[in-house]
Amino acid sequence: MHIGLIGLGKMGGNMRTRLRNAGIEVTGFDQNPDVCDVATVEELIAALPSPRTIWVMVPAGKITSSVVADLSDRLDAGDLVIDGGNSRFTEDFKNAELLAAKGIDYIDVGVSGGVWGLENGYGLMVGGSTAQVERLMPVFDALRPEGPREEGFVHVGEVGAGHYAKMVHNGIEYALMQAYAEGFELLEKREDIIRDVPGTFKAWQRGTVVRSWLLELLVRALDEDDDLSEIEGYVEDSGEGRWTIEEAVANAVPVPTISASIFARFVSRQDDSPAMKAVAALRNQFGGHSVKKSDD
Amino acid sequence: MHIGLIGLGKMGGNMRTRLRNAGIEVTGFDQNPDVCDVATVEELIAALPSPRTIWVMVPAGKITSSVVADLSDRLDAGDLVIDGGNSRFTEDFKNAELLAAKGIDYIDVGVSGGVWGLENGYGLMVGGSTAQVERLMPVFDALRPEGPREEGFVHVGEVGAGHYAKMVHNGIEYALMQAYAEGFELLEKREDIIRDVPGTFKAWQRGTVVRSWLLELLVRALDEDDDLSEIEGYVEDSGEGRWTIEEAVANAVPVPTISASIFARFVSRQDDSPAMKAVAALRNQFGGHSVKKSDD
Amino acid sequence: MHIGLIGLGKMGGNMRTRLRNAGIEVTGFDQNPDVCDVATVEELIAALPSPRTIWVMVPAGKITSSVVADLSDRLDAGDLVIDGGNSRFTEDFKNAELLAAKGIDYIDVGVSGGVWGLENGYGLMVGGSTAQVERLMPVFDALRPEGPREEGFVHVGEVGAGHYAKMVHNGIEYALMQAYAEGFELLEKREDIIRDVPGTFKAWQRGTVVRSWLLELLVRALDEDDDLSEIEGYVEDSGEGRWTIEEAVANAVPVPTISASIFARFVSRQDDSPAMKAVAALRNQFGGHSVKKSDD
Amino acid sequence: MHIGLIGLGKMGGNMRTRLRNAGIEVTGFDQNPDVCDVATVEELIAALPSPRTIWVMVPAGKITSSVVADLSDRLDAGDLVIDGGNSRFTEDFKNAELLAAKGIDYIDVGVSGGVWGLENGYGLMVGGSTAQVERLMPVFDALRPEGPREEGFVHVGEVGAGHYAKMVHNGIEYALMQAYAEGFELLEKREDIIRDVPGTFKAWQRGTVVRSWLLELLVRALDEDDDLSEIEGYVEDSGEGRWTIEEAVANAVPVPTISASIFARFVSRQDDSPAMKAVAALRNQFGGHSVKKSDD
C-alpha cells in the first residue's frame, strides 16, 4: 500500500516512521522542506497510485480546511482524503460534502497517543464508509498498538464519528488529569503527614483502582522534578475540551468534572481574576473587609 | 432593659449604638480600653441587674470559647449568655452544656448585615428556648431592621439553630457573590460588545430578576472604581462557607455552587497552583506540550 | 408616539398594557386573533405612521427569524425593527444585516421582569445606534420601572449588546436561583435543628446580605406551599444559560456556578442518569458493590 | 511468619488466601463462624507467637474502634496491631494513642484493589514506624502485586499517613469514575453518530491517553450489558470521598472534580431534589413558567 501524508510534525512525522516500519509506502509533504519526501503537494499527488489515499495530519481549524479545499481541487473522483488531525466533528461534515461534490471520498480519524505513539502505537477512532475503512485496514493496523485490533481501533460510525469519539476521549482526558492533579495538591499540602509524595504515586501503579497510563506519566514527571517546582501551573487547552462542553450543553448532558477541568485551565492562565476582583469588592462593601490593592 | 456586651469591634460597637438609640441600656467591654464602658469583665458583671444578660460579640472559635468559659465561672444560675458571633453551630451545643452545668442559660444568634447594620438594622436568626427569646424581644427589636418583625428576625429552633441558619445564609451569600462575579467577568471580557459594564449593573437594580442588595453593593464598588483595577482578585473566607460544605457533605446534600464559590476563593489566594503544575507536567509528558518554567 | 407590537403573549400583552397606560399608542398583532388589534401584519404596517417602529416580542429562534425576514420584505427604508425577545445576541447581527440591506434599522432589547413587569416595569438592556435609542426613549421610559432611568435602563452598546447583557443577566439568574435552592435543601435536611424553614427565608428579607427579589419570590412560594411538596424538582431551561456557557467557553471565562446551575437542571429532567449507571457499574466491577437493578 | 487476621469478609478472606499462598501463616477470626480458624479473639491471641501481630480488616468506624479497644485490653506490650480497613486517618491517631498507653504498637495500611486483589495483589500504603514496617515486609510483599516493590507498596510516613494516602487515592478514584461516566453519557446521547459505544470504550484500551484499569472495568461492564440498561443510576459512597472534601476544605485545596463526583452520587440517590423544587418554584413565581406537580 502506498499513501500520501500531509503534515510531518510531532504526530505526522512519527506516524510516517511507524507506517514505513510496517511496510506501508509513504510519501510525505510538510511546510518544512527538511522533513519532506517531495517538494510540493502536486508532486505528492503525482507520486501516488490511483485511486489515491492522502492522510492529512495538520493543525485543526483553518489549516486543515485549506488543505482539504486545496485537495478537492487537485484530486480525482475515487480518491480518498483522511483527516487525522484534532478537528471538530462538525468540520467533517463540511469536508466530506466539499469532497463528495468532486466524487472524492472522506474519512475522519481521531488519533490518540501523543509522542508515545511511535513506540506504543496510536489509538484510532474512525468515521466513514465501511468500504473505505476496510480498504484502509493495513494502514490502521500499522498505526494501532500491538494486541487485539479491537483494543486499539474502532470504526465508530459514519463521517464525523471518529472525531466525535476523539472529542469525548479528550474531554475525559481533561477530567482524569484534573483528578490526579487535585490528589497531588492534597498530598503536597500535608507533607507533615505524607513524607513521600512521588513514592505514593509510584506505589499506585500496581494493584490499585487508580492505576492508569496518565498515572505512570505523572510518576515519570515526578521522577524528573519531585515537587514540580520547575514547572509553572499554567495550562493551555487545545479546543477539544471546549467542544465537549458545547456538545454537552447542546445535548443537555451534565458534565461537571469535564467543565471543572477546563475552568481550572482558564484560571491557571489569568494574571488576575476579574471575577475574584468583584468578589473582593463585594466583601469590602458589605463587611468592610480589607482588599488587596493591585500592584499597579 | 440593661444588658452587657462583650466585644465592641466593627460589629459590636455599632450594635451598642443601635441598642442605645432604641433605649436599651448597654454596658460594654472590649480588649481595647478606648471603647470600653467598664475596665474589666468583673465590673461589667457587677454593673448588670440580676438575672444578668450578656451578649458576646467576639471572633468565633477560641476567643468565643474562652469568653464563654470565663463567664461560666463568674455568672450565677439564672443568668443568660448570648453568642452573637459567627460561631459554628456545633460550638453552641458545647457552650450551652458548659453553662447549663452552672444553671446559666444560653442563646445563639446569627447576625447578618455587616457594617450597614447600624443604619439598616441587623438580620437576626435566633436559637434557644422560647422563654428566653421572648424575654429578649426588646433587644432583638432594637437590633433588627425596620418593618415587620418576621422579615428581619426569626426564632429558628433550639440552641444551635440560629448559627446553623446563619451558616447556610453565608453559604448562599458566597454563591450569590460568585454568580455576580462570573457575570462581571463575562461582561468585561467582551468590552468590544459591552461598552458600559458599570452602567449595565446599575441598570439591573430595578425591574430585573437579579436585583438584590449585593447587586447594589457591586454598583457602589463600580462607582468607586469602574473596572475594579485597583483591587486584587484575592479573597479570604471566614469559615462559614467551609462549614456549609462540611454540613452538606455530612448530610449528602449536593452544593455545587456553594462549593465552587469556596474553591474559587482558595484558588484566588494561591501564588501558583500545585494541581495545575501537575496538569502541565502531564501534558508535557504525553504530548510534548511545552511548559512554562517557574520564575525561580 | 405610535408603535407596532408583534407578539401579545405573557410578555407582549402586558407590555402593550403598560405602554398604553403611559400614553404610547400601540397596534398589536398576534397569532391568537382574540388578543389582536389588527387581523394581519399587513394591516399593522398600514396602521403605523412613517417611519414605522415595530417591536417584535415572539419566541426566540426560528419564529423571531421568520418574523424579521417577513418584515424585511414588507417595511420601507427608514423603518425600525426592535427585537425584544430572548434572542441569542448572534442572531442580532444576522437580523441587522438582513434589514440593513433594505435600509431598515434594527435595535435589540433584553427585557427582564417576567410576569411582574406589568406592575413593576421591565429592566431594559438596549443595543443599537444612539440616534434610534434616543428616538425610542419614550417607549423605554414607559416600559422601565419607576425611579432613576439609569437604574432600570441601559444603552449597552451597538446591535447585539442588549441581548448579550440579557444573556449574562440570565446566566447570573440561574446561579442565584441555584444558590438559594442549595440553601433551601440544607435547611430542609436538618429539620431536627431548623424548626421553621419558611420563617427563616422570610426573616432574610431585611437587613441580611442575601436579601433580593428572588428571595422574596421564594418566600411567596413557601407561603403557598411551605415545604414545596406539591412541586416536582423538574426544571426546564430556555437557552440563555446554555449560551452563557458557550460564550464563557469561547472566551476562556471560568463560570463554575453558572455551569453547575445548568447541569443541575439537566439532571433534574432525567429519569435515570446514564453517567451514574456507568459509575454504579464500575463500583460493581472493582469492589463487588451491589447495584440496583433497573425497574426493581 | 505468623499473623492474626480479624475480619474475613470480601477483603479479609481473600487476603488470608493470598498470604497463605505466599507462605505466611494466618490465624483468622470473623463474626461469621463458617470462615473462622478459631472460635474467639481470645483463642486467636493465644495462637500467635510473641510479639503478636494482628491485622484488623473490619468495617471502618465504630466496629474498627471497638476491635482495637478490645485488643488494647487483651494484648501485651510489644505486640502490634495493624488497621487495614478504610478508616479515616484521624482515627489512626486515636488508635495509636490508646494502644501506646499499653506499650502496643500500631500501623495503618490503606489497601486498594477490591475483589481483584486476590489475583492481582493489593496496592498498599503504609503509615507507622520504620522498624515495624521493615519487620512486616514479608506480609506486605505477600499482599502486594507482582513487580517492583515500589510500584505496589509505599511507606508513606508516620501513623495515619497510610490512610491519608488511601483517602486521597479514593478521592481521585471518585473523580476518575465520574470522568468516564460523563464520557459514556456523551457517547450514548449521540447514538445517531456513535454507532458502537461499547466498541469505542474497548478501542481506548491500548495506545490512548485515557487507558486505565477503570476503563478496562467499564469495558467488562459493557460486555455484560452493552447499554447498562439493567443497572440503575444509583450510587452509594463509602466515606473516603467525603473525608477527602473535608480535608480539602480544611486545607484550602480546591477540589472541583472530586466534589462534583460526590455531589453526583448524592443526587443519584434522591427520589426528588429539594433544591430543584425550589428552582422550579422560583421560575414559576417570576416567569409564570409551569411546574410539574408532584405525583402527577
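General remarks:
When the chains are written out, they are named A, B, C and D in that same order, and each has its own residue count from 1.
Following the convention adopted for this analysis, a contact is a pair of C-beta atoms (placed from the backbone, for glycine too) under 8 Å apart; a residue touches a chain by one contact, two chains touch by 3 or more.
Chain labels with UniProt names: A, B, C, D = 6-phosphogluconate dehydrogenase (Decarboxylating).
What you see is a predicted model, and the numbers here were worked out from it, not measured in a lab.
Using the contact threshold fixed earlier, the set of chains in contact with both subunit B and subunit C is A, D.
Here subunit A and subunit D face each other with the same set of residues for the most part; over half of the interface numbers are shared between them.
Comparing the CA-atom centres of all chains against that of subunit C, the greatest distance is found for D.
In whole angstrom, the spacing between the mean C-alpha positions of subunit B and subunit D is 37. One inter-chain figure worth recording: subunit A and subunit D are separated by 32 Å, centre to centre, where each centre is the mean of the chain's CA atoms.
One finds 46 Å separating the Cα centroids of subunit C and subunit D.
In subunit C, the residues touching two or more other chains are 114, 178, 180, 182, 185, 189, 209, 213-214, 253-256, 260, 263-264, 267, 273, 275, 286.
Interface of subunit D with subunit B (complex): residues 209, 242, 245-246, 249-250, 252-256, 259-260, 262-264, 266-267, 269, 273, 275, 286.
Residues 89, 112-114, 117, 120-125, 144-147, 150-158, 160-161, 164-165, 168-173, 175-176, 178-180, 182-183, 185-187, 189-190, 193-196, 199-200, 202-215, 244, 247-248, 251, 253-258, 260-261, 263-264 of subunit A are the ones touching subunit D in the complex. If you check the complex, the residues on subunit B that touch subunit A are 10, 114-116, 177-178, 180-182, 184-185, 188-189, 213-214, 217-218, 220-222, 225, 228-236, 256, 264-265, 267-268, 272-289, 291-296.
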